[in-house]
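Right, I'll just put the structure down here and ask away after.
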Amino acid sequence: MSVIQDLRRTVADLHRELTRYELVIWTAGNVSARVPGQDLMVIKPSGVSYDQLTPEAMVVTDLHGNLVEGDYSPSSDTAAHAYVYRHMPEVNGVVHTHSPYATAWAARGEPIPCVLTMIADEFGGEIPVGPFALIGDDSIGQGIVETLRDSRSPAVLMRNHGPFTIGKDARAAVKAAVMLEDVARTVHFAHQLGTPKPIEQHHVDSLYARYQNVYGQ
Amino acid sequence: MSVIQDLRRTVADLHRELTRYELVIWTAGNVSARVPGQDLMVIKPSGVSYDQLTPEAMVVTDLHGNLVEGDYSPSSDTAAHAYVYRHMPEVNGVVHTHSPYATAWAARGEPIPCVLTMIADEFGGEIPVGPFALIGDDSIGQGIVETLRDSRSPAVLMRNHGPFTIGKDARAAVKAAVMLEDVARTVHFAHQLGTPKPIEQHHVDSLYARYQNVYGQ
Amino acid sequence: MSVIQDLRRTVADLHRELTRYELVIWTAGNVSARVPGQDLMVIKPSGVSYDQLTPEAMVVTDLHGNLVEGDYSPSSDTAAHAYVYRHMPEVNGVVHTHSPYATAWAARGEPIPCVLTMIADEFGGEIPVGPFALIGDDSIGQGIVETLRDSRSPAVLMRNHGPFTIGKDARAAVKAAVMLEDVARTVHFAHQLGTPKPIEQHHVDSLYARYQNVYGQ
Amino acid sequence: MSVIQDLRRTVADLHRELTRYELVIWTAGNVSARVPGQDLMVIKPSGVSYDQLTPEAMVVTDLHGNLVEGDYSPSSDTAAHAYVYRHMPEVNGVVHTHSPYATAWAARGEPIPCVLTMIADEFGGEIPVGPFALIGDDSIGQGIVETLRDSRSPAVLMRNHGPFTIGKDARAAVKAAVMLEDVARTVHFAHQLGTPKPIEQHHVDSLYARYQNVYGQ
């Protein structure tokens, strides 16, 4: 069970990045990680405040959202995370927030255009909008998967709701959530006083290819 | 008197959520709690800075705002809190802030439309505007009660003034104040670059019903 | 010299409110206090960062800005503070910042209209604009005094520059600077999506009278 | 090697100003310093988070970006910093961020007009836009140098990308980055509700001359 213990700590710690960058308030946002090689995930409990998110408070569910281990009920967004893990085997981390600028684009149902090199680097093009979907069944998960399956973007703006991001691990999904809010905000500012100039597609392609392959250690 | 001691601590601590989420500046905002089973309330003292809000600094008044216990004068908004407790027996916590985005809607006298699932969840529909009312008598309290009595919303935007929120306890009223500013801000952003799409009424109803009954532990 | 020692500490500490409320960056903003009964003032040194503002780092000048005591040169805004103390004997504290929302109103040369009860309470009406004035002589001080002499407002928006606030002591001037930025921001937000409703003059008058006489301990 | 040890510490510490003023997120921004009298520079490693930026984590490269000393790969912006040092011998510090307001001006390709005394003081006139340039060769460095060579401004807004700032040392370049974001934000706010009044050129000249020669200790 030591892998799960490690993931409990990782997922608990990553929630601190959500509060550090002010992507969440009160209890409204969550991080999960797939347990490698098992049909399990580690996720935030429902309605527990970020100050109390110790590794022990995290819960473990199967990939249909049934509680396997833990003292609390899992996040009310568990079904959406689970659906993503069932249908996107390359994804090992999922994040959901209501970060304000990204959610404002989602409320209008407008994708964020690729007008910054940082968007080309991290998202590979415009950041897409997903459908309006009610919580309670697989609708949200389906909307995420259908939107992201054919996109380079690790982020989807769920209509009237807020963003979900994915990654090869939970840290990558959190990074995408942080960068999403940053570019959602900057492009919002740019649009307030005019129209930013789009980056040509061949430049987007070369920025994306380089960033995915060369950046970092 | 141990119940009152506990409430003094709870109310003192909850003011930290107002500063954490930047809903208040200097001394301009306050939390109160009804003392269960007694015609008393615990409230912030007037003009005392948030750094100095120990449990001992809190004051106890009756439900007409007369000082019963404490070293300071009660908040200048005490009459409004007291009026709410007298007329809404199901309310046990009241919060007042001048949080900037919510107050901007109040300054225009415009309700916040229900264009986010978070608004449907927590507020059950649009967030209403209350009348312009002067401090000094029961006008503010009357405006709050008349507006909220027929609404699902635990928040009212008092015209040219700022928001008041209510709850089944002081923590719930603080949560409503935090979420109010968050959605006031996101919907503000959404409107700056276009018009967000409203959520259909039957979806609002089902989101509200689920959140009130299922969310949390 | 114990009064001056106390004022050095008070003025040093009050600069922390400027950073707490994000009214200043780097070294660009300053607080001063008149030394009661003497033609002296205590003020921030020039170009020293806020982390290093100990009581000992403060400087004492006469009311023409000449250094009397201290290891550093006084703030480059010393002449403006000194002019205010020479011409407004009821003023014992002065604050200057470039807080962003207040400075945006100053850049357009537009007063902040009295559309919030908080503006009526603290400023007694609209917050006025002062003239464009170059640093280096008494121009800025003259602009402040001429604008504030006939106003209830303790704040003036110096054109293309930023706000100055005054008070019966340094703490009151800092409070005015904090509340100024708060209302500058909220009214900015309100104007972004429409036109806030003005408060009738007789209501402004009664709010101002009450707040000046009743609020606090 | 003690000079380099000192610079490692200085550069590591200066990154904390970038996070303090929220100019950067995750790992996206960097500070460098020229090693005096040697064809070397100290710069942030690539993709390392700000919490982990100890003096030891910094890397030393030559002025073509080749690693000379350090355990990590240098920042992916190293080529741009190196080009500046090779072509502007008076520059000893370079900073790159994607600070949101400055980047919004860059996304529209609009210079920031000189409508604040703080802009005249620090930037000596409008803050210019540099060309769109891809990462990977000397294009970004060339764009910076060509834009800043004929300007008083220590800051350039690289189109669709973000700002670079320069200084006589790394601290001056960081100060310019901090003040750039501040004025980018205030002028953004000013433009949202109207048109700020420009400062006459002869006033800009005298403000710039005074600030460069008189301000500080």
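Labels for the chains are A, B, C and D, by order of writing; each one numbers its residues from 1.
Keep this in mind: a residue touches a chain if its C-beta (ideal position, glycine included) is under 8 Å from a C-beta of that chain, and two chains touch if they have at least 3 such contacts.
Just so it is clear, the model here is predicted, and its values are computed rather than measured.
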| item | value |
| --- | --- |
| Superposition rotation for chain C onto chain D, Cα-based, multiple of 5° | 90 |
| Homomeric contact chain A-chain D: same or different residue positions, threshold half | different |
| Centroid comparison with chain D (C-alpha atoms), farthest chain | B |
| Whole-Å separation of chain centres (CA-atom averages), chain A against chain D | 31 |
| Where chain A and chain C are represented by their mean Cα positions, the distance between them in whole Å | 44 |
| Residue list for chain B, restricted to those that touch at least two other chains | 192 |
| Chain-chain contacts as defined at top | A-B, A-D, B-C, C-D |
| Touching residues on chain D, where the partner in the complex is chain C | 21, 115-118, 175, 178-179, 182, 185-187, 189-190, 192-197, 199, 203, 206-207, 210, 214-217 |
| Residue ranges of chain D in contact with chain A within the complex | 25-28, 45-48, 72-73, 76, 98, 100-101, 103-105, 107-110, 132, 134-136, 159-162, 188, 191-192 |
